[in-house]
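Note that the chains take the letters A, B, C and D in the order they are written out, and that residue 1 is the start of every chain.
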């Protein structure tokens, strides 16, 4: 074919440019999808209600959660005590809220510590493969399979059961879960072009880690964090059953349930075990729903 | 041209999106005859892959086939119940997919996967009989030392080899039609030739009808006898390969031909079709290609009125008001 | 299979899957009764082994009472019931005790019982290497010191003139010796023909006691699964008839025990005060109770809290209300460490509840309100945990900064030994028989770890009065002396006494002949007479 | 592949020894003296401290720590775990007696849990975001959200007390040693434990299946004319591969749950023995139990690696 001058390329007229409507920034897209997902939205609302009740409840409740009138012990719900009173005459509603403050503090702080430590270790071990990674992943595997509650009982025996001790031990046993997830994400990110490009451009490791890897890892780790919160709250309950949980008279959902585990209470005094039971159940349910919601929202594959 | 073995008529498909259904296939019609390779060509997003999936109803849950008449073997596949369709899939019509890396089950031996394809449709067949058929097909598509290689796993085969295995799998039940959805896109040039060779051998030795979906006009030129050009979910031109290259009657076909890398001179900038393929949910009123059309004959009519797919005076099928004019500006 | 109404689909799917694997099972209470009769009792604690020489946990004493027998047994009305000793007499000067043994009595394995078994048992008890707590009861027997120092292996003061007579000679008058050896499950007679070949030094940890199959009690042990069950079968050679063929001792938590009372799987269980009202509601279950031989008290570290402070702290506790609410009235207020009726003076100070008075008493005593104090105890018993929480509340309300610190037994003992603790809790004990038994936790010489005086209470006048009372032989003479000692202790508030709780028993109506015992460790004393069905 | 396994084995033994030494020290850190715990407070007034000293000598606690350690470690190497302070039985024999009930309980709970989890996970993935999926997900989260001890109490109350259909505790009715009676006693504790297992594994299976069902090879299988069931089986096999390692690592971790259930159902397993030993500072038993858990953890870790290579052909053939 003989060559000819290429056809003149007309400037595309303004009105012919495709409209902007279809393109939405990914952040807002994820948020919109999160809110449209019924489970996640309900979960978020329930979690918010629980947190508000736990933070402000004790302030507005007229009763001191730790002090009760023994003559009014085990009274069913009444106008004065909306959720009745416990075996020592303390107001159940005040105790559930105060207990919530303890359980959630343990849950969130332990999860926060575990996630932040786990993410950093996971990211570094994922990035620096080789001996360091092998050792770290061995430690992760071993810690992952340690029966947490038994270790806590031993530590409670030595250090004496207290909230800080519970938080530290939970955090030290829960971080491997987020570390494993972070490491997995980093291993896949490392192969991706934009990270290799950054490396080629000579950016220092720390810059790559904090500019590219951590943001890449965060969404997946947030999901893990919500499960860790649920884990910590449940473990606190199991630990208090074995006698090493939060110290009376301070309330926690775990020790409230533990006090209510007799047949008599189960059969005839539901207000002693329903409130803490429902509180744990609602919190764990909503944190997991939020976790699932976040995961579905940010999972790029499901945008299509 | 011998009677068509498979013919699609007015296939119309909607896809559920966040804000309601969007039509992505508009009255797509074409047919294919035994021993013939028909190329379906178009940019990505033109609906050509969706058309391929519609034939065997392998559509994603979000898709809704609003209207279609898919004639095959005297029946309409669009109306066929699921059980009936299963009798067609893999037996009478075989599929070949784009990315060989993900089309095979990673944890199952290649040979076993092809045996499975055979034994699905021949339940009483013995293992040995299935394996013999598998090896026969593998040899046909050019896989060396088939007996041993069949015992290996997909990750131990190269991309090209895997695509040939997929073709063998599609052929194992002596289908009458093969639908290949961009079978060479994920492979580099040298391997492409081997895959195309396998397809042409299937056409010539087994008389199989092949629907070859691709965006690469070079492949069309090599193996396809007829071409269906699609743009924005519509068929815009159907013609023999020779007619398309010599005298395409639709500006989009011509633009495709122009932008082939081989068509320009060394040192000159590559020509590309300006603008972007339109969003299915936001089609302009007139001819969908109008905003990007560089045809000298382009007029107000193109923007106002949507051209239908009709025969030109000299029998050429095109969806352009100026179907009688040859769009091939350069010699 | 009976239809299920409960909606837990997932659990039932699994249950149905497993159930299909086996025939449907009626609950045990429906078992046909024509075969051997059997009864199931619950043990409040988990026994580890049944070494009658070194009984530690209450449940071990209970079981040993069923498989072993002793010379004499004291009854709830404080009279003495002859057992292996049909009769006994004390010399005028109280220096010699002679016991006449039952004739023709056999061990459960058919071997004859003789004075040799009694000699072997008492010598083993005295043997220092065995370390039996009951050895102190033989401290006044002639030859005890030689055995203790290792110079001799047998007590020279203990002789057996013939196969059916045993004579104890003492270094000083010992009128209380009969009471000492007749109390609860101590000094049970062990089979000499089985154990004489065992190394005396290892008797303390002899594995034979993990499954002692030879004894003279109403039952013989056939199987012991730690933390699960003890299987006992009737002893054919028992000195009288035995009402029930098979007895099973289970080790359930109080909640599950209560559940099994309802389903009829359990025939006898001790009931915690908190579950009293619920258990009373169960049909075909009878609830009986008797005052326990001990009492619950708060132990203040006497070296940190002098008498006036202890008096004030006691006054700050509303003990009457605690009894009414937590114990459902099943407990009696106590104002003395002595529980033997005839040894308690009438005019004891009552320290009745008065918060404001308590606060002024504390200020008068120069109590440091700013300091933080800890109250250590071993959690797990519902009524004690609740009582302590209420008491801490009451102390806090008068300005005493005391907070709870739950610990396990070993930590509690460590803090007591190091005197690091401020307050702790103590309960139980058997003090109803002999006032001298209360000295175990009151006299200076018994300060922990030498003895049970964990409060470190030490008062010379009290010790002098007690010593004088202890050495007076006749009860009518010693009573006024004991009352004088009790007066001093009541004034000093050596222990912050709370109340003497009743031991509550729940028995199925099928169990006949059961009489409630205060001392839960010898509730089985009359087990032989019980029948079932 | 063998070389890396060998390294793994050696490192595991090394970790085991470190844990053993750690346990020896950790246990002695706890306040309280085992000898003290053995002699009751009100026993032998006046001479109690001599008895305690005697008990301490018998238990060998009076020797200086390094000597104790040397004695203990040398016997450990010979596989002798020493004698329990309270029951004086050899610890290894106690562990052996208690191993049966715990393995029986945990094993059957694991099996029942998986029997529930796999179909539930597959169905909720196939019928994604329909009512069915909603029910399965919420039930599995509900089962996770209820502490196991509370589930156990509810179970006893409903099934044993109210409905009188199941026994409330123990392994047998007194005196009845038949297998059917054992199974009958297994039902309630196994259901409680199995629910926890099922809950977490349903979520794993579901997310695994969701991922696989989205891949191209599934569509290729359907294109071959396969029935939906056959396609599901392909997807299930692929999604179960990562589960094998998760399962292996899960077994020791959920021993803690078994401890709680054993406590309530009076099940004579390892957990109950450990908790009792902890309260009386029975060092040999606590250390013995700690070593048992360490071995379980290390073996499961090793198992996870081996299984991973055996089950996933991609890994098996590429090394």
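One rule holds in what follows: contacts are C-beta pairs under 8 Å (C-beta built on N, C-alpha and C of every residue); 3 or more make two chains touch, one makes a residue touch a chain.
Not measured: the values here are computed from a predicted model.
Visitor: Show me the overlap between the contact partners of chain A and those of chain B.
Guide: Of all the chains present, those in contact with both chain A and chain B are D.
Visitor: If I average the Cα coordinates per chain and compare with the overall Cα mean, which chain comes out closest?
Guide: D
Visitor: Farthest from chain B by Cα centre, which chain is it? Let me know.
Guide: For chain B, the chain whose C-alpha mean is farthest off is C.
Visitor: Report, in whole Å, the distance between the mean C-alpha point of chain B and the mean C-alpha point of chain D.
Guide: Here the centre of chain D sits 55 Å away from the centre of chain B.
Visitor: Using Cα averages as centroids, what's the distance between chain A and chain C in whole Å?
Guide: 49
Visitor: Between chain C and chain D, what's the gap in Å when you average each chain's C-alpha atoms?
Guide: Roughly 37 Å, centre to centre.
Visitor: When the C-alpha atoms of chain B and chain C are each averaged to a single point, how far apart are the two points in Å?
Guide: 90
Visitor: Find every residue in chain A that makes contact with two or more other chains and list them.
Guide: Residues 157, 261, 263, 267 of chain A each touch two or more of the other chains.
Visitor: Which positions in chain D touch two or more other chains at once?
Guide: Counting only residues that touch two or more other chains, chain D contributes 30-31, 153, 156-157, 161, 263, 278.
Visitor: Provide the residue numbers of chain D that touch chain C in the complex, in ascending order.
Guide: Residue list for chain D touching chain C: 30-34, 36-49, 51-52, 54-55, 58, 83-84, 86-89, 94, 97, 108, 112, 115-116, 139, 143, 153, 155-161, 163-175, 179-181, 183-184, 186-188, 190-191, 194-195, 198, 263-266, 268, 272-273, 276, 278-281.
Visitor: Along chain D, where are the residues that touch chain B in the complex?
Guide: Within the complex, chain D contacts chain B at residues 215-217, 219-227, 230, 234, 237-238, 241, 312-314, 317-318.
Visitor: Write out the stretch or stretches of chain A touching chain D in their complex.
Guide: Residue list for chain A touching chain D: 39, 138, 141-142, 144-150, 153-154, 157-158, 230, 234, 237-238, 241-242, 254, 257-258, 261, 263, 266-267, 273, 277, 280-281, 284-285, 288-289, 292, 301.
Visitor: Sort out for me which residues of chain B touch chain D in the complex.
Guide: Residues 56, 58, 86-91, 94-95, 97, 99, 102-108, 116-117, 120-121, 152-153, 155-156, 166, 169 of chain B touch chain D in their complex.
Visitor: Under the touch definition given earlier, write down the residues of chain C that touch chain D in their complex.
Guide: Going through chain C, the ones touching chain D are 2, 4-6, 8, 10-11, 13-15, 17-19, 21-23, 25, 27-28, 38, 40, 46, 48-49, 56, 128-129, 131, 133-136, 204-207, 210, 225-229, 231, 246, 248, 250-253, 255-256, 259-260, 262-263, 265, 408-415, 417, 426, 429, 439-441, 443, 445-446, 448-452, 454.
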